[in-house]
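Structure record follows, encoded as structure tokens.
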Amino acid sequence: MPINDWFKQRETRRYTVTSGASSDGLPDGVWRRCPECKRTLYQGEVARTLSVCPHCGHHFELIARDRIEALADEGSFVEADAGVTSGDPLRFCAAKPYTESLEKARASSGLAEAVVTGRATIEGLPVAIGAMDFRFVGASMGSAVGEKVARLFELALAERRAVVLIIASGGARMQEGVLSLMQMAKTAAAAERFSAGGLPFVSILVHPTFGGVTASFAVLADVIFAEPGATVGFAGPRLVEQTIRRSLPKGFQSAESLVEHGMIDDVVPRGELRERVTTVLAYLMHRAPAAPAAFSEGEV
Amino acid sequence: MARFVMEFERPLVELEEKLADLKKIDLAAMPDLAAEITDLENEVERLRQTMYQALSPWEKVQVSRHPERPKTPDYLEQLFTDVVELRGDRAFGDDEAIVTALATLGDRRVMVIGHRKGRTTKENVKRNFGSPHPEGFRKAERAMRLAAKFRLPVVTFLDTAGAAPGLEDEERGQAWAIANCLATLSALPVPVVVVAIGEGGSGGALAIGFGDRLIMLENAYYSVISPEMCAVILYKDAARAAESAAALSLTAQDLLGLGIADEIVAEPLGGAHRDAEAVVAAAGERIAAALAELGGLDAAALVERRYERLRAIGEFVEATGT
Amino acid sequence: MARFVMEFERPLVELEEKLADLKKIDLAAMPDLAAEITDLENEVERLRQTMYQALSPWEKVQVSRHPERPKTPDYLEQLFTDVVELRGDRAFGDDEAIVTALATLGDRRVMVIGHRKGRTTKENVKRNFGSPHPEGFRKAERAMRLAAKFRLPVVTFLDTAGAAPGLEDEERGQAWAIANCLATLSALPVPVVVVAIGEGGSGGALAIGFGDRLIMLENAYYSVISPEMCAVILYKDAARAAESAAALSLTAQDLLGLGIADEIVAEPLGGAHRDAEAVVAAAGERIAAALAELGGLDAAALVERRYERLRAIGEFVEATGT
Amino acid sequence: MPINDWFKQRETRRYTVTSGASSDGLPDGVWRRCPECKRTLYQGEVARTLSVCPHCGHHFELIARDRIEALADEGSFVEADAGVTSGDPLRFCAAKPYTESLEKARASSGLAEAVVTGRATIEGLPVAIGAMDFRFVGASMGSAVGEKVARLFELALAERRAVVLIIASGGARMQEGVLSLMQMAKTAAAAERFSAGGLPFVSILVHPTFGGVTASFAVLADVIFAEPGATVGFAGPRLVEQTIRRSLPKGFQSAESLVEHGMIDDVVPRGELRERVTTVLAYLMHRAPAAPAAFSEGEV
């Protein structure tokens, strides 16, 4: 496939980002069932608890924007690079065309890409914040996600902001082949540059985080938290099971076991995340950070 | 020639065997056989050309895995002198799936880091078939840091199906070990020349697999996922790996087209194992040339250039307005 | 008072108990008992004074090990606010024998690193009685590096009998883990205040046990070897630990005399456990004062000063000619 | 014990260092028995093989000077700090007086202290070299050893030399109490400073190396080798056995198992050490080191 074709294919589309009316993007009137305690819950109630089951503490999946809003100061979030979205660089077509998966993801999530990034403040501290959304091709990392994450680290370094990322991912995005693989190196390099600037990076791993995202920027954070019940690893549990030819121990790759194995700092319930992140950032940015460089709305 | 025969080679090999049998016959006793042999020789040659000159991605993957293909130890032995192996991660173990060594190429002292597949089954078991455990990546990271401290250029050899996916690999932080390699590699203040000599499987390859120059052997591959695993995900059928391989853009030619690989080292018809010494020597020349070119850049320029190379990889769509 | 009684306290405790019994008697019924009680009270007080004011080194070691003695978690809870524990070495495990935490003392944000003995037997088993495994030291090293990166002063609390001496501790490089802590600590570009609160056993204590200020509690000890093990080596008899303790120069007073400790925090008669809150508070004041003093120095000056402090420790003979 | 007393006790003595006539300090005519293969060997023969049994490869203990001579260019070694020796800062007297142990060590070894240090060249490369001698109070580290090691790193840094140390030790020297413990921090700090100067440190661990020496400067080397059969660890095997309450596996703490556990780079037979160290130094000092600063004989 000659490279010129891919360039021709580049185009400038525009997606209207429709932020869900309420948590999880589900309308208020809907009832949902808790997979843990099996109770039926009223969606309006669940939304008020950041989508945590009020009976058993089960953490429902949250959409990217709701995750950001749960952490950032109210109204402070301004999206960046909203126009960056996946193309189909390899004209990938196996089983079904990649473009079809993308269209479906866009339609169902209302998002342009699997990660939402931007500027915000958390208790007044300037941050560059991002959240991944599992509804968008399993929150996998292709060129667009890699680009947005790299840009986020770059803008944070330039404007002396902390980076806070809420991460979930199925891994590198198969449908962009080796280009996706290289996004691991690209994002890790951006995180490393940022880190050399003496600024803090806090990552929050949520269910599920695997493969090329875990093994690149996600775990390069200075402080790593995970939500209760999150499963995090490099190889998926099924592959591991095939490899060792016996069943996996209970709790394998769970957030709780990651703490025991020394990989993350703590398991933090969703309701406590904002406070914990705020406290950590206060420590890691205590050298009165320079006021963030002014940026015009046009750059966003 | 008791060599390993790849599935797609079988028709050719059968003809070659038939030809060899014919040649054992006393031609003086059967004069009209000579013409038949010549015909067959032409047929074999034609088949060899068409088959090997147009290997499909999946066939290339098979060639890249050929057990007799030259492996990292072959490059170390043939190209380098004064090799001093450095072992261990100083914390848990010495992973023999990765080799790190001080080594000299011509008159240039470098740090070599490579996946180390074995030549025999016994060796392969000991080396986990070149699939590193976390301590292997940590050993590689230690070698990178030593190279940085003593300003030794780094030459890496990629040949792995991927990082080991065992239970204990997960428990000891496989993802963490790989990510730290990526971060360290990205900031190394010395030239980094990467040579993809066989398999380039996913994060396990990438951990030592990017730098200032990527040289790929003609039949080496570099992929985000193995074609088999991709086929399982897409088709629920590992047997459809050929289709996945074609879709994944994993060949050296694909990577050159994408601007990720910088150059390709040609292999003899049939694969590097048909003339290992020549292929290794050719790779050595490319490595030496790359080191000579990169040697002129100072540390800051190298790191900046490497970052820009990485930043440029990827194709996406960007809306111009908000 | 159901407190733990140390061997050497027994005579005093017996008198105290007798006194307590006497006081239960109705004095109106036995008027001449009042004088006897007063005598006994005087006797008890006299004994308390002579015994506790002149504790031998071995008795101090026992006090330092008293199970009710305030431990690192007590200091963390009483003195610090906004505590965020950081866990894990990012490679093997989270060792609960060491705690690392972001914490605030007054208005000063610091990194706390401390040995973490448990308060109960169950806790102690989980925390290996405060004897760290290699991953504990590696966690401490990670905390040191974070402190350096974000310019947070480091406050350490020493309370360990020593590094864990198990088979796997050796296999995972106990010596390597400790040595790396020593090297990292020596070059930290932030103030390091060390508080010896209980046991200071050998390399396991030293790994987080030197810096720009060493504050020792009156009955804390700091020793190259445990008195018992020293006695086994010298006398083939662990029971002669008292003699070893006296010979090893391990008390706070010894270290102050040697110029290694900078100051001593007084304990109530009998030991810190008799008024834990007051002792912890007093230590807190000293820590705050030390941080305030050291806060004025820039990173280079701090590191230079720390090096000179270390270089000055030791007494040897030097011939003037060759 | 008031500190002034110790200062009063400082004196300037002088020891005549009598280098043994031949390897191991044993006269040529002596026969010795190999503990491994039980054969009787002629000392003259053993000396020619660097005290390695010609039949089974058993590595006999070597005295410090012979170790240095086996590595350094012939005649290049010039001792430094020969006048530094142990005092008795704590007037240590338990079981027997420390001074008695010291006198005995001096008399039997002909050494002033448990480590011999100095300048030399190895294949022309400038090094600061030192070797510990187990005959001297078990090559334990007290104030004098700590001082000599720290000075060696400092002179190497000042003169841009590599550091090569042949290490054996029973650990910190008990008889100097907490002062010995602090030598661990002192030597580690000196090694760290030296390392920050971008210069190489190669250590060679020989039988036995334990305790406070292993856990300080010994293992901070860039490259670590050990001799065959060397036992190296932090806690002594007897203590470990008591701790785990079962017998130790074969080869525990052996040089060979240290390689497997990732702690050292290789096991190198004595006869190959010089070549291996030379090769490593050529790599690590390839940035043509500045000529060593001139130093007068008077400073040695």
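Lettered A, B, C and D in written order, each chain numbered from 1.
Keep this in mind: a residue touches a chain if its C-beta (ideal position, glycine included) is under 8 Å from a C-beta of that chain, and two chains touch if they have at least 3 such contacts.
Just so you know, these numbers come straight off a predicted model, no measurement behind them.
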Which of A-C and C-D has more C-beta contact pairs: C-D
Separation of chain C from chain D, taking each centre as the mean of its C-alpha atoms, in whole Å: 32
Whole-Å gap between the CA centroids of chain A and chain D: 53
Centre distance in Å when chain A and chain C are each reduced to the mean of their C-alpha atoms: 44
Centroid distance [mean C-alpha coordinates] between chain C and chain B, Å: 55
Chain D: positions in contact with at least two other chains: 195, 219, 261-263
Touching two or more other chains - residues of chain C: 90-92, 172-173, 176
Touch-based graph of the chains, sorted into line, ring, star, complete or other: other
Each pair of chains that touches, named by its two labels: A-B, A-C, B-C, B-D, C-D
Chain A partner contacts - residues on chain C that touch it in the complex: 82, 84-95, 102, 109, 135, 139, 146, 149-152
List of chain A residues in touch with chain C within their complex: 195, 198, 200, 219, 222-223, 259-266, 276, 279-280, 282-284, 286-287
Residue ranges of chain A in contact with chain B within the complex: 1-3, 6, 10-15, 81-87, 89-90, 92-95, 112, 142-144, 146-147, 150, 172-174, 176-186, 188-193, 195-196, 211-212, 214-220, 232-235, 239-240, 243-244, 248-249, 252-253, 257, 261-263, 298, 300
In the complex with chain C, residue positions of chain B that touch it: 90-92, 134, 138, 172-173, 176-177
Of all residues in chain C, those that touch chain D in their complex: 163-167, 169-176, 178-180, 182-187, 202-203, 206, 209-210, 222-225, 229-230, 233-235, 243-244, 246-250, 254-255, 257-260, 306-307, 310-311, 313-322
